[in-house]
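Each structure below is given as structure tokens.
Here subunit A shows up in two complexes: once beside subunit B, once beside subunit C.
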Partner chain A sequence: MKEYTFFPGCSSEKNASAANMEHSVQAMCKILGIQLNEIDDWNCCSASIGYAGGGQLPRLSMSARNFALAQQQRGMTDLVATCAACWLAMREAAERIEHEPEVRADVNVALKEANLSYEGGIKTRHLVEVLIEDFGWDALRAKVKKPLTGLKVAGYVGCQTNRPFGIAGESFENPLYLDKMIEATGATAVPYPKKVACCGGALMFTEVEKSCALVRDLLQCAVDNGAEVIVTPCPVCQLNVEVYQGKINQLFGTNFNIPVVYYSQLFVLSWGGSWEDAALNQQVVPAEVLRRFA
Partner chain B sequence: MAYDLSFAQDVYKNSEMGHWIKMCKQCGVCAGSCPFGPHWEYSPRQLFQLVRAGKKEEVLKSHSMWMCTSCYNCIVRCPRSLPITHIVHGLARYASVKGYADPNQITNRFATQIFWPNIVGTGRVGEAMLTMRLYFADGLGAGIKRGLEMKDSALGMLMTKRLNPIPLRGKIKGYAGFAAMIAKAQELEAKREAGA
Partner chain C sequence: MPVYTFRIQRNQKNGQGVLESRYQEYTLELPETTTVLNALEELKADQDGTITFRQSCRSAICGSCAMKISGRTRLACKTHVETVARNGVIELAPMANQPVLKDLVVDIGPFFRKVHQIKPYLEEGPEKAASVDRTSYDQVNHVTQCIMCGCCYSDCTMKEVSDEFIGPAALAKAFRFVSDPREGQKTARLQELSEAGGVWSCTRCAMCIDSCPKDVKPMEAIVKLRTRGMEKGFVDGPGPRHALAFHQDIQKWGDLNEFTLLQRTVGILGSIAELGTAFHLLKRGKIPSPFPHQAKGVEQLRTIYQLLEKNPIDVETKAKEVVPE
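Let's turn to the complex of A and B:
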């Protein structure tokens, strides 16, 4: 059993938009022998849109409080995130706290109000990096009990799992790990030229039509390349690409109805987990095309 | 057009990552990388040039900075390694704080009036409340209309237990300390933004 400190983030809470990611991640980790120790009483990472209301210091302090709690509760154990936006916000905060003495000093003045302090040192990682670096491709392949043979999958990496930090060792323009994950389940990764294009991110809330136009192109590209399902590591991508299909069909006269799942859901299913373990009962666009493997 | 020679200096000093604007070589790679490119009145490249030229009103009243989806395309491509995303975010924040940004610009309003109060009010995002407040920001009629437009998605989210039927959420346990921390950080931030 390998242990990590865990930051789930707001969208992974019960009854939140990425509850299906969280459920399948826990099932995946159980099969793999990973124990995720959630930071007790964590707060929001400030998300990708927090800059406008929060500015620099309030925004960075939010991550700093999580680091301080993590250190208090779990020492210097690696801190793992599953949400792209959380991971990015934490990596950014960690870098700035470590490399900018002024930021570090100011953050600690703020933290002191909560009787906390943090000087840096905890490594912030994405769960995908844990799978690749601490377990490796052979170990992931060895878990397969029901290979997803014949399933055609478009691997949609999106933005924030890929830039500005990205999964260690991958390129920004053509990261390969997601295709490799798809292939590791026995499924087929179809070519997907839109794999690192933007879904609109948080602007789906406010600029609905403009964001839907981006997602329309993402969906069309997947369909054109013969995908039966889209897979992604990012909860913002998953939400935008799955849940807005009805709206997109309305806006553009299209007829999309393609399931969008997380890599963790594919792994759990191919590793012999149940439909519920994989949280496939929590899809807004039903993933019936996966039923034959359940 | 009005020039404000102190504007560029103030942005370099007090807007997040603003000093990097001096380094821009105007190649346009960032402009070609924006997912909402056609919707930007001024591209990031143009914004940076306008800052350098002291065009305060043109920059700060523009809706451009609010078109950033935080995709980080520009940041990994800029040949001068400018942290463009953060500069653009910084300019949006600067325009908002200095009172130039259109308060009705939807992303400005959502980010500053709805999202930020939502997260600092309890310590975590309340997605259901966030959506409701956004929909009803223009009053009851507009809210019901938007709600109806999105009702299939919302219903789908509710049915699959990915949306809380009760929009209220509790505060984190350490909320008192959290709130005090945010208040202190905001105090320091305000001083810095005023150029102190």
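Let's turn to the complex of A and C:
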């Protein structure tokens, strides 16, 4: 059993938009022998939009409070996130606090208000990096009990796990980890030229028709390349690409109905987990094409 | 020496004056470190004199030779063939998000009209400072490196679907003027930039940071412009309201409330328009309680916020100096 300090984030909470990611991640970790120790009393990562009022520092301080709590509770351990937005926000905060002494000093002025301090040392990691670096491709392949043979999957990486930091060791323009994960489950990764394009998720509430046009292009690219299902590591991508298909069909006269799942759901299913373990009952666009492997 | 195949998008007008697009392939034997621009010149000189592209300085200063090279917009003069060849093939196409004139040449008029829209010159006015110290240059150093090549504009996610959006390069330039102590109309600029098609239309996908050949980081400038616009009170749009909703949730709950986020961004009527989407989510157990998890330490968060709001510490001005390439 390998243990990691865990930051779930708001979208992974009960009944939130990525509840199925959280459920399938827990199932995946159980099979693999990972224990995720949630930070007690964590707060929102501030995502990348919490910059209203007081400049950039509140945003960095929010992550710093989580780091301080993680250190108090678990010592100098790796801090693992599953949400792309949380991981990006934490990664940026960690790097700036580590490498910019003035930022570190300012953050600590703020943390002192809460009788906390953080001087650096936390390593922020995406769960995908844990799977690749600490377990490796052979271990992931060895767990497969029901290979997803014949399933054609488009691996949609999106932006937050790709720019500006990216998953360790991956190319910015053509990251391959998601395709390798798809292949590790026995499925086929179709070519997907839009794999690092943005879904426009940040504007889905504010400029919805433009965001829908971006998602339309992502869906069309997947369909054109023969994909039966889209897989992503990002809760923002998953939500936008999945739930707006009806609206997109209305807006543009298209006829999309393609399931969008998390990598963790594919792993759980191929490793012999049930439909419920993989939280596939929580898809808005039903993933019936996966039913034959359940 | 390795042999490379150049797959070049040829765009030429037919007899009726309509632009027709096709791909044409050429092969060349080249050392790995040859630039794409040198390869193009060799092709034009020895194989096909009709290939049309822009070029001038050959030193990544003029920005003329920006084009799509193997899927991403880059300067042909700064790109070695080996770094962009995929199985020996290098694909060349004109920049995106701009009208194509011929082969690899686009009309850069729309791009520069956006630059002119943000008034790329200092204006007289009440906010003009009398003295300029060195630190004020440090924070705009990275944006002054922009060479107006248009790589970011060509790779911009939002430009794919929005003519109105000002685009990364022009917004980065706008940041340079908003941050210049000698500028007299900082607030008026922020007001204009906060309107439709301005700083709030960026998807923050960071593509511009990745594709910029001069490390300008336009998205960082856009994010700073948002913060400064809100500080000046330009908060009456869906973009700022969305940001404020996040901000207030964090203070109130220490957590983000997906239930009320939409309602506070687009208002009650807008939320009703989205009820269909919400219903789909509800059926799948994906609508959270309106009373979410509240961090036990939420009092800690409030005290942190109160301190920072009373004494805003400007992290921006502490940005490290960017060393020009």
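The rule we apply is simple: the second predicted complex is superposed on the first by the 291 of 294 C-alpha atoms of A that agree within 3 Å, B and C clash if a C-alpha of one lies under 4 Å from a C-alpha of the other, contacts with A are read in each partner's own complex, and residues count from 1 in each chain.
Definition applied: a residue touches a chain if its C-beta (ideal position, glycine included) is under 8 Å from a C-beta of that chain, and two chains touch if they have at least 3 such contacts.
Just so it is clear, the structure is predicted and the values come from calculations on it, not from any experiment.
Student: Looking at the overlay on subunit A, is there a clash between subunit B and subunit C, or do the two fit?
Tutor: After superposition on subunit A, which the two structures share, subunit B runs into subunit C.
Student: Output check: A:Y244 vs subunit B and subunit C. Expected answer is one of first, second, both, neither. What do you get?
Tutor: both
Student: Determine, under the contact definition given at the top, whether A:P193 touches first (subunit B), second (subunit C), both, or neither.
Tutor: second
Student: Looking at the overlay, what does A:K210 touch: subunit B (first), subunit C (second), both, or neither?
Tutor: Both partners.
Student: Output check: A:P58 vs subunit B and subunit C. Expected answer is one of first, second, both, neither. What do you get?
Tutor: After superposing on A, A:P58 lies in contact with both subunit B and subunit C.
Student: A:D41 in the overlay: touching subunit B, subunit C, both, or neither? Say first, second, both or neither.
Tutor: both
Student: Figure out whether A:A19 sits in contact with subunit B (first) or subunit C (second), or with both, or with neither.
Tutor: In the superposition, A:A19 touches subunit B and subunit C alike.
Student: Could you tell me if A:T254 is touching subunit B, subunit C, both of them or neither one (first, second, both, neither)?
Tutor: Neither partner.
Student: Please work out whether A:V103 is in contact with subunit B alone, subunit C alone, both, or neither, and reply first, second, both or neither.
Tutor: After superposing on A, A:V103 lies in contact with subunit C but is clear of subunit B.
Student: Pick the subunit C stretch that clashes with subunit B in the superposition, from 7-15, 43-51, 97-105 or 133-141.
Tutor: Residues of subunit C that run into subunit B: 133-141.
Student: Return the residues of subunit A at which the contacts from subunit B and from subunit C coincide.
Tutor: 10-11, 13-17, 19-20, 41-44, 46-58, 60-62, 65, 106, 109-111, 113-116, 159, 163-164, 172, 197-198, 200-203, 205-207, 210-211, 214, 243-244, 246-247, 281-284
Student: Would you tell me which residues of subunit A are touching subunit C in their complex?
Tutor: Subunit A residues touching subunit C: 10-11, 13-17, 19-20, 41-44, 46-58, 60-62, 65, 69, 100, 102-103, 106, 109-111, 113-116, 159, 163-164, 172-173, 193, 197-198, 200-203, 205-207, 210-211, 213-214, 217, 243-244, 246-247, 281-284.
Student: Write out the stretch or stretches of subunit C touching subunit A in their complex.
Tutor: Residue list for subunit C touching subunit A: 71-72, 157-158, 160-162, 200-207, 209-210, 223-224, 226-227, 230-231, 235, 237-240, 242-244, 246-247, 249-250, 253-258, 261-262, 265-266, 276-277, 280-281, 283-289, 292-293, 295-298, 300-301, 303-309, 312-316, 318, 320.
Student: For the complex, which residues does subunit A have touching subunit B?
Tutor: Residue positions touching the partner: 10-11, 13-20, 41-44, 46-58, 60-62, 65, 88, 106-107, 109-116, 159-160, 162-164, 172, 197-198, 200-203, 205-207, 210-211, 214, 243-244, 246-247, 281-284.
Student: Enumerate the contact residues on subunit B facing subunit A in the complex.
Tutor: Where subunit B meets subunit A, its residues are 16, 35-36, 39, 67, 69-73, 75-77, 85-86, 89-90, 92-93, 96-97, 106-108, 110-113, 115-117, 119-120, 123-125, 127, 130-131, 134, 149-150, 152-153, 156-157, 160-165, 172-174, 177-178, 180-186, 188-189, 192-193.
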